[in-house]
Every structure is written in C-alpha cells, then in structure tokens.
Amino acid sequence: MKRIGVLTSGGDAPGMNAAIRAVVRKSLHEGMEVYGINYGFAGLVAGDIRKLSRRDVGDMIQRGGTFLYSARYPQFATEEGQLKAIEQMKRFGIEGLVVIGGDGSYRGAYALTKHGFPCVGLPGTIDNDIPGTDYTIGFDTAINTVLEALDRIRDTATSHVRTFVIEVMGRDAGDIALWTGVASGAEQIIIPEKGFDITQVAENIREGREKGKKHTIIVLAEGVMNGHEFAEKLDAIDNFHVRVSTLGHVQRGGSPTARDRVLASQFGAKAVDLLKQGKGGLCLGIVKEEIIAHDIIDTLDNMKHTPNLDLYTLNEEISN
Amino acid sequence: MKRIGVLTSGGDAPGMNAAIRAVVRKSLHEGMEVYGINYGFAGLVAGDIRKLSRRDVGDMIQRGGTFLYSARYPQFATEEGQLKAIEQMKRFGIEGLVVIGGDGSYRGAYALTKHGFPCVGLPGTIDNDIPGTDYTIGFDTAINTVLEALDRIRDTATSHVRTFVIEVMGRDAGDIALWTGVASGAEQIIIPEKGFDITQVAENIREGREKGKKHTIIVLAEGVMNGHEFAEKLDAIDNFHVRVSTLGHVQRGGSPTARDRVLASQFGAKAVDLLKQGKGGLCLGIVKEEIIAHDIIDTLDNMKHTPNLDLYTLNEEISN
Amino acid sequence: MKRIGVLTSGGDAPGMNAAIRAVVRKSLHEGMEVYGINYGFAGLVAGDIRKLSRRDVGDMIQRGGTFLYSARYPQFATEEGQLKAIEQMKRFGIEGLVVIGGDGSYRGAYALTKHGFPCVGLPGTIDNDIPGTDYTIGFDTAINTVLEALDRIRDTATSHVRTFVIEVMGRDAGDIALWTGVASGAEQIIIPEKGFDITQVAENIREGREKGKKHTIIVLAEGVMNGHEFAEKLDAIDNFHVRVSTLGHVQRGGSPTARDRVLASQFGAKAVDLLKQGKGGLCLGIVKEEIIAHDIIDTLDNMKHTPNLDLYTLNEEISN
Amino acid sequence: MKRIGVLTSGGDAPGMNAAIRAVVRKSLHEGMEVYGINYGFAGLVAGDIRKLSRRDVGDMIQRGGTFLYSARYPQFATEEGQLKAIEQMKRFGIEGLVVIGGDGSYRGAYALTKHGFPCVGLPGTIDNDIPGTDYTIGFDTAINTVLEALDRIRDTATSHVRTFVIEVMGRDAGDIALWTGVASGAEQIIIPEKGFDITQVAENIREGREKGKKHTIIVLAEGVMNGHEFAEKLDAIDNFHVRVSTLGHVQRGGSPTARDRVLASQFGAKAVDLLKQGKGGLCLGIVKEEIIAHDIIDTLDNMKHTPNLDLYTLNEEISN
C-alpha cells in the first residue's frame, strides 16, 4: 500500500493523538502517505479528508482528545453508509484504513472488512472494555485521573469522618473501578462482574467505623447503577449520610500517561506495518506484554473482555 | 498568654494543615503552648483536646484536609454550648483560641468573643466568601483543581464539538466560577452576583458555532442553580445536547498550592502574634497584599464579601 | 490606533500565551487588528510578522511557552536595530506595540519609547524580578512547579535522613526561593537579598538532627551561588553528605496556573485599552491587587524590585 | 509462620509504602503478625524493630518514600552482620522477612537465604534494573515524573528553538530513558544498551533543523555519561549551544501512580502468601502480566535484566 487513512471514532481517549502521530510518522518512514479523516465514520462518508504531514502531528503526542475529532455515527451500521465510505476512500486513493476507538469503531472496521476493505482497528477507549487486549489506549490515563480525584476526596472524607460513593466510568466493564479501587485503598469496590449485597456493604461500613476508620470510600462502576441510587439504598439501611461524587467527563481528558503514549505509539506503528504488507481485517492488542494482531471478525464474534478479577479478591483482603 | 488552642471547623479546605502548623510552630517559637481541638466546636464542647508538639505538625504543610478533623455543629449556636466550650478551655488552661474555617466558624468565634473569650478567626474555605479578606485559605488550590478539570473537559469537548455546563462550588459566591471561567477561557460564566438571560446564553452558543468554535464551555456557580437544571433550560430552547459535569467534592481536597501554603502560614503566625499580645475578638484577612486584623463583630455585622466583578467584564470581552 | 503588534522576548514564561490571547481577543473586541511578531525583537527587525486571528489564539490559554517564540537579541541595544524595527512596523501599518517579557524586553520597549514609538510592556518572567509589579506573569506557575519538586524531594529526603540543597531559579532575585521555601517548610532559605553565615547554616542542620528532624531542606536562590559550590562549603564544615538538586529548565515550562492565566489576561486587555487611547511609553503591574500602568522610563530608571522579606522572617520563626 | 518482618532498603521508590501496607494488611487478614524494621538492614542489625498495626499503614498507600526509612548498609555484606540480623529476628520471634528494594536489597535477601532464613524479595526501585520482573515498584511513577518534566522543558525548547540534553536516572539500565524518550517524542534516546555515534547525533540535529523542527530533545540515560559531558561533545562538533538539564532526585519521589500502587499491593500480598506457606528464598516479579516467584539465588546468579529494545527501534522510526 502506498496511501492509508486514519480516523478516530466514538468517545475520545487520551493517547489517540499519540496513536495518530505514530501512524503518520511510521507511514512517512515507510514511504507511504497518510490521510486524516475528521469526525470518524461521519467524516469518512462525507469525505472530510485531508493529507497529513509530519508537521500536523508535531507537538501532539502530549495532548488529550483527538485532533481528528470524533463523532458517534449510528448510520454507519447501514450498508449504504459503508459503501459510500469505501467510495470516498477510493476517490482519495486510500487503500487501507486505521480505525482508533472503542466498541462502535470496531463494528465499523468489521463492516468495512466484510466489504473487503483492509482495516486495522486500534483499541482506544478509557473503559478498557475491548476484547483481544489487556489494555486499551486511554485506560492508564483514566485510572490515574480517577485516582487523583479519589486522593483528593479522601482528604475531605478523612477530615469529616464520612462515607463517600464515587461513581466512575467504564460502561459495562468494571476495570476502572477495580484498578482505582485497589490503588486508592477503597474500602469497597462495586462492579458489574460481581454481585453485591447492599446489607453486607452497610455492615462493612459499620464494622470499619467500629475499628476506628475515619472514612469509607466506595468505588462504584457506572455499569452497576447510578451513584445517587446506590447511596439511597445505603441510607435506607442506616443513617450514613452518604456523599456521592460522580466523576464525569474529566475522566476522558488530560495529557496521556507515559504508558498510554508508548502503547499508542506501538499500536500506531504496528498498524502501518501490517497495512504496508497488505494485511487488513485485523485489530491490535497488547497481550501479556506483546503487541499482537487478531482477526477482527473473530475478535468481535467470539472473544470477550474480562477484567482482572484477582484484583477484586486482593482488595477484599487488604482494604479492611 | 501562655497557652492557646486551635481548631478547624466547617468544610475543610487545603491549607488548613499549613495554618495549624504555623500556629504551633510560631507558638513554640514564642514560648507558648498549643492545644489542638479535634472536630471543631463539637470537640471543643466535648473536651476532645490534646497538646500539640512540633512533631505533630511535621510533614504536614503539604497535606490537604485537616488533621484536627472538622465537623458541623449547629448546637454551638446555643449559649449553653458556648459556655461549656469556655469551661473546657479553662479546664485545659487555654487562654486564647484560633478558629480556622468559613462562615460558621466565624459565627462561633463571634459568640466566644461576645462571652469575652479571646479568639482569632482565620478565613479557611475554598469558597472565598468571607468578608474582610481578598482571599481565603484554600481558594487558590480550589481554582487550580477546577481549572485542571476544565482543561481535561475541554479535550473532550473539542474532540466532539460539544456544549458543556460545568457546575463548580462557591456556595452563594461566584468567585470560583469567575476565576476559573477566565482562566479556562470559558465562553460564559454564570454567577449569582450577575443575572443571566437564558435566551442570550443560547444565542451566544449558536453564534460561537457559526464562528467555528468547536466547543462551548459554560462555568456555572452552584449558587445560581444546579447544572442539570441549567442544561434543561438550554436544551428547551434549542437541541444543544448539553453535557453536564458537576465537579463535586474533588474541589475541597488536594495538596495546597504555594500561595495557599504561604497565606496559611502568614495567617497562622499572625494569629499567634495577636493572642500573645492578649488581643482577641479578631479575624484576619489579606487585603491589598497585607495581612491585617479586623474586629470580628464589626466584620460579621457590617462587612460583605464581593468578588472581583472586573473579571466578569474581562471575560465578556476576551472569551468570544 | 487601528493596528497593533505583539511580541514575546527573553526567557519564556508560562502565561505568555494567555497574555497574547488576551491582546488579540481584546483588540478584535475593540475593532482593532493585531499582528504577531515571531522571535521577539529579532523577528521585529527581520520583519517576521503576520496578522493574528481569533482562531490563532484558540486552545492556547492553557499552554506553556510562547507560540510567538522568543529570542535574546542583544543587537537591539543599538540605535540601528531600533530604527529598523520602527521601519518594519511602519511597513506593516503597526501603530503600537505590546512587549511581553522580562528585564531585557523592558529595555527594548524603553528604547522604542525614546524614539517616540508607543509601547506597553507586560512583565513576563518566572523570576518576579521586574520593578513596578508585585507579581510577574509566570511566577505563580514557577513557584508551584518548584514546590511540587520540593515535595517529591522531601519524600526521598525523609526516607533516608538526608540534607538537600535545592538550587532554584530567580536570577538576582530571591522571590522563587522565598515563596517556595516557606511553602515547602524548608529548614533554610538562602537568597541574595540576605547574607548567610555558612557556619550558622551548618549549626542549624546539626540542631535539627538533634531535635529528631529526619531531613533538612535548604532552598538556595541561583543568584547566591551554585548549589554544588554551596554544598561543598557545607561539607567542608561537617561530613553532611549534602545532596544537591538543580531544578533547571523545568521551572520555565508547564501549563500556567489559574492566577497566571488571569493576571496575563488582565494585563493583555489593559495594554490594548491603553494603546487604543493612544497611550504608550508604559509598563503594567499589579500593585496591591490593582492593575496599573507606570511610565516605563521612570520605572527602569528609578524603581527597584524587592521581594517580600517578611516571608524570610516568617520562615525563620516557623521552620524549626 | 505466625510473625514476619518487613523492611525497605536502598534507594527509596514510590509505591514502597503501598507494598508495606499490603504486607501488613494481608498478614492481619491471614492471622499473622507483622514487625516493621526501620532503616533497612542497618535497623535490622541494630534491632530497630516494632510491631505494626493496621492503623500504622492507614492513609499511607498514596505517599511517596518509605515510612520505614531506608539506608544503604554495606556492612551487611559481612557474615557477622548477617548472623546478627538473624539473631535479632529470633529475639523478636520473626520467622520470615519481606525485603523491598533494589539490587543491594536482593543481595541482602540472598545472604539471609543462604543462612537458611526465609526471605522474599520485592523489586522496589525506580530504575527497573532488577532481573526476574518486567517492572519494578516505582518505575511507572518515575517515568511519569520524568515525562512531566520533559513536557515542561519542551515548552521552553519550542519557544526558543533549542537543543536540550536531559539526563535521567536508571543506573546502568536504559529503561527510564527508553520509555520517557518514546513517550515524550524525543528526537534521540541515548542508553547504555546501545552504542551511539556523536557525529551521527549532531547530524540528526542539523537534519531536524532543516526539516523545520523547532527543538531537539535528547534523553540521555545516566548510565551512559553525565549530561554536561555529552553536551560538550556535541558542542565540540557544532555550535549547538546545547542546554543540559539533570532531573535529579525529583525522579525518586512523588505519590505513586495507579499501576505502581496496584503492583506494590499485588507483590506485598503475594509475599505474605508465600511466607505463610513457609516458602522463602524467593523474589517476586511481574512477568507477562503474571505475578510470579523466582528462586532468589538463581535470579541473582543467572538472570539478567534487559530493557525492551523494540522501543528503541520504534523511536528511531517515528521520532523524526
């Protein structure tokens, strides 16, 4: 291949710019051209496409968000949209596509693959909920952002002897809650992958207070339920005066961590390597410290993400 | 005076520990003893009091929260509570009291002053809503915490072409919203001290989009209304799909900034200076860069906090 | 005036971009045009000048450094350079100039003023060593950057029972050392504005150790001497095994703090206000919380910067 | 085992406190007692030992440094010291020991193992230079600290069109330089594991300038040579006016990242698991995402750490 495209799709994640930069720099290094597609699949269909130079990605590795913009575009589920996209790429002479994003982005890459267009999907989402990879681009940054917030909230919780429920992102996956729960020394972690017994949660708070704990911090994955809902359930059992904090959109932003920048760079370069060899229909992952490529159809059809539940057990043993 | 007490009361604020440290260190330097009172006025009434040494405040200047704990204690509004507090201080030989906190704390210090007990109030709250001072302990840290969150949210807002309403703390005062609105380049700042016209706000968003702005960020002081309520009003006018983020308790925590640590240290040392000279019935402020003492009764009865509204005008001129 | 220019000169400082942004936005708001001059006075003489739009300063308020670049340019001390600069500005129709920078930049503005060209100087330097202002753009960010480094070093110092000398910037002024020394709880602060007695410094370390202090941190202003030189003097007295850390260029960078962004915005807008009225020959300052303009010739000829030496005394009283 | 000891030794690293906390909490959870030994092997020989409770490790997971203090203690290389240490542990009824630290700490654990005393070594050092593990406790924090410094320096480098040499830690290993070089987009990375040709380095700088690069950042591992020495070599070739920044001790401190806290917690709990089963003579590692135990004698005698040199190649391909 001589000319490839790159787009970001779905929710943005820190490190997406680092991935785009790696795609561009590696392509130029290999003598290939790169076109950037704005606003994800929407821009692809609309032809919002431009050539990228090395200068376009200068001073970009450290920035949060995505300079190619992102958008949700449900219409891409239709064959019409997909064919239009392929037509646009032909018009620009683009022979292969790098798609950076989460679940929906992979669905788009899957569809293009079925139409025979060479795509490589890169897992880019803070939620870490993508099959075929131990970590996604943005996850490491997100957990450090959440952790910093938890550290701040602990200052206040300790000063006032309070119980806090902190609702964190993660969609249907508990990864963010798990990692930040362990890292912050949270008393309890509530994730979709594990059930919970609200009576037991209340009992644990009471026990902690009897042991002299100044604060109780409960990290709640958004996939379980809303933080306020959870707090109401707790307060219905005992008069805990639970405080709720929903961390919200701050979790998506920020300058990427070292690990996210490195991972994004590795993924970006690898994607170019594969496309250069004419290989498509793939998605990348880091599995046991190795950057590998999976068949994207097999990945979406047959693989499933599961968080590291050993961390759940670990927290039960050392948090109380 | 040979022996003084120190307590923190109301909502905690970064820099309270730095203030306590300065009270302790300066007292020891002046040959005085210091007793720490846990849990604010509640602990004062209950006699939860202990002698503090220089070691108790070692490695403390950089910590958020308050190691003396804080509590709201409405019962201190009764004369009974106040007399009990004075009795406890006599029992411990405490001749003067440093009270660090916000509005409610000042009310407590005011009451003790009326009973003839020497008190010095230090303005400690993130909200900056205390009369008699340009800045309170904790404000500078809070605005930097909010600013960091706004910078992160901008990453996401830009990546998706979105309108965000960010609800920030400040109780009835707009200071946090004003400073962080200017500092983040927010398109609009909504504060209690200024009215707002929702139709005009909507119009501004539309104009911004026409000019090519990728995002609109509206910083809303909690004293105006709830962020979700505000977003609903906006979405009722046009289909903006406004996103809301309520920053919440993270705003109270964190390691204090340089300025908050310096200001807290200045206040703490000054309070000891005054009590050493037998002066009470005071509250401290930094006014035009000078640390000064006001009569606390006059301050609460006759003075009023107003934010720097020049910043509001400034933002209107440079944000669009 | 209808068209003004803006440049940054000398060492860069966080908040310079926020100041440029305010100059541009305020000018457009007032119906004026703004031209950006690259590389300071060097670019001015060379005619490296371009029109700035509102878009050029979008997403810029939070960035460290200066997007107009800066350069030292000693040749501007010659009349020839100055006349060439004025000629270039005439060529571009520029009627007034905003100069953002430190001492050398003020010298340039002073020279242009003497030639009758309207200039407004904005104090932009991390060193806080400019006469006519309590604070310069960049100082607040720099002290927080230094403070964060000092907090990190204290972790290590405490873990090992060590004495550290930390050399911080500030040119001939002790402001950075003073503020960060107080804010970090440093045992000693060594600044050019105060003498020091190395025997006494050594004595203090020994006393601290006897009191049980785990670490001694000495903050040394670069204007006094080199950190290694200072450490050698100490180690010559006793076998302290002093560790030295020279913080270096990290002190100049980083995203500006809330205060630096607000101050920079205030200065930028004020400069435009003045030029619009045809006023030049000025430099701005924040003095006792007010943004004011001084005659630049009087400021350079007759005024002198002094740090707040009360902080020095304060530290002696509460640090040990 | 019913009672174990824990110590930290050598250079401190962020996450050591999190590891100690996990050792304590997990032990209590398993019905075992834990004794903390101050100042590493020095304190072990001297009997500076005390029982740790759950409260001793409360509010500790987020702190840099080590609250058990650390010390270098070359005398522990003698058999006399080792036997004395074992005697002290017997005196306190300590049946097994967790040693957290770097190379020297492992040597100590190795010696105790040879004397038949059950030890488990945990890799705790920012340098990542320990055999048997992909990552050490503290490495992730250190690379993020360095990265933040590099981002700040880039602000300044860009503003002035400069070449910077940044000397980073790592002892004989290039890991810190490699990861932060890739993550910061450094133009060149110089590590001990790869040779370098100073003429080629100079040539690359010149080429970069010709391509329009505003700055060149060279990340230099301390194991290669001193930053100033390197800069002199460069300046001898061409008049680059290279700036040097030696990051120094800030790299050792700071609140640990999410990953370092999680890893430290996993290691701490695993060490207790093993000692509880009576297993000693081990050191832990995370290898391909799995927490595993190696024979400590085999590890030190036969294994060797090597950094991920794929990152070196990657950087050559995408940095220019």
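All chains are identified by letter, namely A, B, C and D, in their written order; residue positions are counted from 1 within each chain.
In this text, a residue touches a chain if its C-beta (ideal position, glycine included) is under 8 Å from a C-beta of that chain, and two chains touch if they have at least 3 such contacts.
Fair warning: this is a prediction, and the values are worked out from it, not measured in the lab.
A.B. asks: Just to be sure I understand: going only through chains that touch, what's the smallest number of steps from chain B to chain D?
C.D. replies: 2
A.B. asks: Same residues or different residues: which describes how chain A and chain D meet, taking over half shared numbers as same?
C.D. replies: Over half shared, hence same.
A.B. asks: Roughly how far is chain C from chain D, centre to centre by C-alpha average, rounded to an integer in Å?
C.D. replies: Centre-to-centre distance between chain C and chain D: 35 Å.
A.B. asks: Taking the mean of the C-alpha atoms as each chain's centre, how many Å separate chain B from chain C?
C.D. replies: Using C-alpha averages as centres, the distance is 28 Å.
A.B. asks: Could you grab the centroid distance between chain A and chain C? Build each centroid from C-alpha atoms only and quote it in angstrom.
C.D. replies: 39
A.B. asks: Find every residue in chain B that makes contact with two or more other chains and list them.
C.D. replies: 151, 154, 158
A.B. asks: Per the contact definition, I'd like the list of chain C residues that touch chain B in the complex.
C.D. replies: Listed in rising order, the residues are 21-22, 25-26, 29, 54-55, 58-59, 61-62, 134, 140, 143-144, 146-147, 151, 154, 158, 179-180, 182-185, 211-213, 255, 257-259, 261-262, 265-266, 268-269, 288-290, 310-311, 314, 317-320.
A.B. asks: Which residues of chain D touch chain C in their complex?
C.D. replies: 8, 12, 14, 16, 63-66, 69-71, 145, 149, 151-156, 158-161, 164, 214, 243-250, 252-254
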